[in-house]
Amino acid sequence: MINLGVIGVGYWGPNIIRNAVLNKRFKMSCCADSKPERLDYISALYPTIKTSPNYKEIIDDSSIDAVAICTPVFTHFEIASAVLQAGKHILIEKPMTGTSAEAQQLLELAEKNKLKILVDHTFLFTGAVRKIKETIKSGEIGDIYYFDSVRVNLGLFQHDVNVVWDLAPHDIAVMDHLIDRKAESIVATGSDHLGNGLEDVAFVTVFYPDNIIAHIHVNWLSPVKIRQTQISGTKKMIVWDDNSPSEKVKIYDKGIEVIQTADQVYNTLVQYRTGDMYCPKIPQSEALAVEMDHFADCIEKNITPISDGYSGWRVVQILESSEKSIKHRGREIRL
Amino acid sequence: MINLGVIGVGYWGPNIIRNAVLNKRFKMSCCADSKPERLDYISALYPTIKTSPNYKEIIDDSSIDAVAICTPVFTHFEIASAVLQAGKHILIEKPMTGTSAEAQQLLELAEKNKLKILVDHTFLFTGAVRKIKETIKSGEIGDIYYFDSVRVNLGLFQHDVNVVWDLAPHDIAVMDHLIDRKAESIVATGSDHLGNGLEDVAFVTVFYPDNIIAHIHVNWLSPVKIRQTQISGTKKMIVWDDNSPSEKVKIYDKGIEVIQTADQVYNTLVQYRTGDMYCPKIPQSEALAVEMDHFADCIEKNITPISDGYSGWRVVQILESSEKSIKHRGREIRL
Amino acid sequence: MINLGVIGVGYWGPNIIRNAVLNKRFKMSCCADSKPERLDYISALYPTIKTSPNYKEIIDDSSIDAVAICTPVFTHFEIASAVLQAGKHILIEKPMTGTSAEAQQLLELAEKNKLKILVDHTFLFTGAVRKIKETIKSGEIGDIYYFDSVRVNLGLFQHDVNVVWDLAPHDIAVMDHLIDRKAESIVATGSDHLGNGLEDVAFVTVFYPDNIIAHIHVNWLSPVKIRQTQISGTKKMIVWDDNSPSEKVKIYDKGIEVIQTADQVYNTLVQYRTGDMYCPKIPQSEALAVEMDHFADCIEKNITPISDGYSGWRVVQILESSEKSIKHRGREIRL
Amino acid sequence: MINLGVIGVGYWGPNIIRNAVLNKRFKMSCCADSKPERLDYISALYPTIKTSPNYKEIIDDSSIDAVAICTPVFTHFEIASAVLQAGKHILIEKPMTGTSAEAQQLLELAEKNKLKILVDHTFLFTGAVRKIKETIKSGEIGDIYYFDSVRVNLGLFQHDVNVVWDLAPHDIAVMDHLIDRKAESIVATGSDHLGNGLEDVAFVTVFYPDNIIAHIHVNWLSPVKIRQTQISGTKKMIVWDDNSPSEKVKIYDKGIEVIQTADQVYNTLVQYRTGDMYCPKIPQSEALAVEMDHFADCIEKNITPISDGYSGWRVVQILESSEKSIKHRGREIRL
């Protein structure tokens, strides 16, 4: 049984606690938050969980095996460093850190101390993404042509980060997981309509090896809520509409075939193929429950997390580079 | 009555002819094409229209007032120059020319000779775009925040131009018409998956004055056909789904309000407003019929066409710059 | 403050309790259920609420002003009679009773004792139905032509009632509320595919005065979940899609105009009118919270509930007649 | 080569002619219509087709093998009788006749003279219905539970028949083809809002053997256009949305399993099964072209048409019975 502490019980922390309480592999031991009313909230729901206003108590508690860090991003590095130095595994909210340098230090620290970092890229544990990953891995869609993701809605404007840091970590984590390669460079554009230097609309292109191109559109100013991702391959093509209650993932038996001809003028002939479409059944389990179980597996069986520190670091690197590219009006940032 | 000649009767020319025949303000006089079978096709349908294998016959015919040019793009400049020099108005298929320098020469030639150029940006004459333009002009949506357009489907791959030159002229013409400003710079990315140097997926950001950002996604590799455009403003927001048979244009009474507070930390407070949505009734008339009527108006009443040579030139400039930006991995191209 | 008791804390009772606890006009005093584990569940959540295995304790408690009855339908009459005889107001789950005779006795008892019966037709308190009712009342849609409702999905098969008794109370209550007339007769058909005498697919036509026709399709065997209601009027037409997250109610400015001509052969000429469509903003408040507030209003201000005993009785009468009509293969049952 | 004559060239006749002209198995020989302008229209399009104001010329022309009858329904019986008596095959627009007695006489006449009757139930020849028929035939959906079809829109009001005779022939023909049994009885309801005795809204239940129930909703007063059919079976379930451009037919791997238990109280236990959904690729060929080819096959190879006189007769019988049932407020009409 893994003895778990939770640092930060604002919005996301209570979800971690609820799942830890329900999961027999965890003992939900204690939590910390600087706001007393949040601790009272947890105490009322779970009288047996110890609470503390100071996260250092959790770090100093030698009975704690693992810590979930659910505090604001700018505090991640300091807290995570202390937790890792205390020899505890971490589950850390996304994005992992505010800079890629920090992310790199954390993962080196974890490696040195033989500890696990699981970055809470919750989407990787949804039924939809697991099904898509499985489909890609099986070879069913062939080689990937492109990845395109749209995540737009009205608000919520953040006051300290732009829309890329706020919304794109989801898309970048999924992209990184599905494309399974190291991105080469970033070109991003965006616009800030409030005049506070924080873009509310942004477009990020990511170039990958093997001629794969990826694009992410994130936006706080859209009248409609769209969460749609396409992955097009040489054999089949996938559309994932996360808003659809019953047809989240569609797999199209569509593609092109390129025929090289002797013809001088038209040297490539493209033929189109269209077959059936199917919607695979998607498991309904809560993503965070699956993720917590995976965290327990990683610790107990010494497995590398699906969303390990490297994945967290790659995501932060792309966020950082996107921001830099936007500030320089689309300058290509090589990674 | 305007005596009309048509040069090029491949795919689009016959539509011009059909509309000219039905429009009492035109006399559909003659057409030319280098392919005899196309001329035979027209003769069978319209026995009274003169046909010629040589477009110069139309140019030399002093009874012809105006000429529609529906030939491949690379021939536009030569033919249009000759037509304008012969003192005839032109209706020219989009894109206007293969280079912006050519477009500029044509519009100067037209100005000098006091002739009209109407570039066949057909979408500007659809009920949907006319309704959106009217809505923007009335002030109903306030100032524009962004314009975002997605035009994707599977194929048809072109063998001589990339997906931007093939599909984006529609979006660029609409964007130019609705934003009604001179674009400042372009950042574009894309990818060519056939290895022939012609991108099949592309993402184009266009920066406009007044902090307006525009983005166009064009794609020949998408399993699903999407034609969706958003225009978000300070007061209302518009979504135009050209695939929807009955709800093409939706106008959302949604927006944000920014409140400047004295607070040092959170210096802007954003509030969200959500009201009714409505779908205005869209006139069903054929866009090309409206366009032909407008062409007649321009000639007879000496009006500047909605899609005049300047509009055609701006569109070509953006196409050209997009291609250049793509080739340089997102380098910003200033206009 | 209304002192409330709840009898039955299976599925729906806890929702009543949660809303009573949150509503300052109620004091959530005690609850009863014959199953000890349900009482334990409530005690764990709300330690201050008294629990009892015997509902008679609630009836005998003279401090209780009103009782919510959330037990199986076959127990409604006995419990409700006792509660009313004890001089307490009731909020009773739908359908009100298992027979219309019982419903009638209850409402007579309530009238005699000057007590309120609010039948828990929750849909009447949703934002969508309140908006539709308001639209009809304002005269905006003109006179009603027809009401058509489809409520279909896969399962859940009930073991004691057919699909009409299970699903149609919602539609019938809404229909009764919107049409606001006394139904004249019923014709219903259905089919039982399990061979247990309980129909799983049913179609109910209800004839109303003023030439209004209503139809309800309920079904436990549909692969897709549909909740769609249309109300068509002489001036406008409404479509309510309860599955749509953002466009639940659409109001179409569509209609027909009938012109009587002198012509002998075609003596009526029908013209069609099509204008804008709009989606009114729908309030998001929880229907049950609105309903509880209304219950408090009815008691405190002596108002007749929107879903009073008469409405509950009319719904039961239509359910009863539908079942009878189905058993006789569509025989018209006059009310 | 089949020498074809066409009687009636109003709306549908020209489509028959166009398809006959394009089909090498037919010689499109002559057509007749009482309106000279319709004959002129055909002559202009197809100068080689003989035209006549009197259909008897076609009947008397011994070189004609087959005749397509595209005149108003009330003339079908007289014309079809004469054509069959003249020894010619017929393709006849739907509904076959105005009464079932007439339909029966025609099919007997055809049998006696060894001639083919193909009733123009065009939907049977669409890719969607052919795919659904094939799926049912293969056993993939198991035994049919129910068939439900909705065909509603605003207008066009007919001045001589009600909405059942106008719209339902499509649904009834498809239902008859897919269920492939003789209907047992009809219960129908409807309402006439113009006061001319012609219902504009109608609901038709058809009882079939093997506990199959079918229902059709046809409506001229709906603000939205719906064409949706469900066929639910013991193994799988089909939804056909004819308005959907790209996902017309969806096949759901969903169903219920009934477990008989020893339990006294709950004597049936129902379990639900949900698997993948798929959209089979639907052939795009024009239904009428497929139908004309089938007509040629039937004549040349002495095959019974898919939509033969019996099918036409069954459809008319159901139309007739529906009308009768509506007039008697849902009285069950046994066939």
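In this document, chain identifiers A, B, C and D correspond to the written order of the chains, with residue numbering beginning at 1 in each.
FYI, a residue touches a chain if its C-beta (ideal position, glycine included) is under 8 Å from a C-beta of that chain, and two chains touch if they have at least 3 such contacts.
Small disclaimer: the values here were computed from a predicted structure and weren't measured.
**Q** What is the set of chains touching both subunit A and subunit D?
**A** In this structure, the chains that contact subunit D and also subunit A are B, C.
**Q** Among the chains, which has its CA centre at the largest distance from subunit B's?
**A** Here the answer is chain C, farthest from subunit B.
**Q** Could you put a whole-Å number on the gap between the CA centroids of subunit A and subunit C?
**A** About 44 Å, centre to centre.
**Q** Can you work out the whole-Å distance between the CA centroids of subunit A and subunit B?
**A** Inter-chain centre distance comes to 39 Å.
**Q** Can you compute the centre-to-centre distance for subunit B and subunit C, using the mean CA position of each chain? Integer Å is fine.
**A** So the centroids are 53 Å from each other.
**Q** Tell me, which residues of subunit B touch at least two other chains?
**A** Residues 224, 274, 277.
**Q** Considering the complex alone, what residue numbers of subunit C touch subunit B?
**A** So the residues of subunit C touching subunit B come out as 247, 253, 274-281.
**Q** Can you check the complex and tell me which residues of subunit A touch subunit B?
**A** 145-146, 148, 154-157, 159, 185, 187, 189-194, 196, 201, 203, 205, 207, 211-213, 215, 217, 219, 221-224, 230, 232, 237-239, 250, 252, 254, 256, 258, 265-268, 270, 272, 274, 277, 325, 329-332
**Q** Which bits of subunit D are touching subunit B when the two form their complex?
**A** Residue positions touching the partner: 224-225, 243, 245-246.
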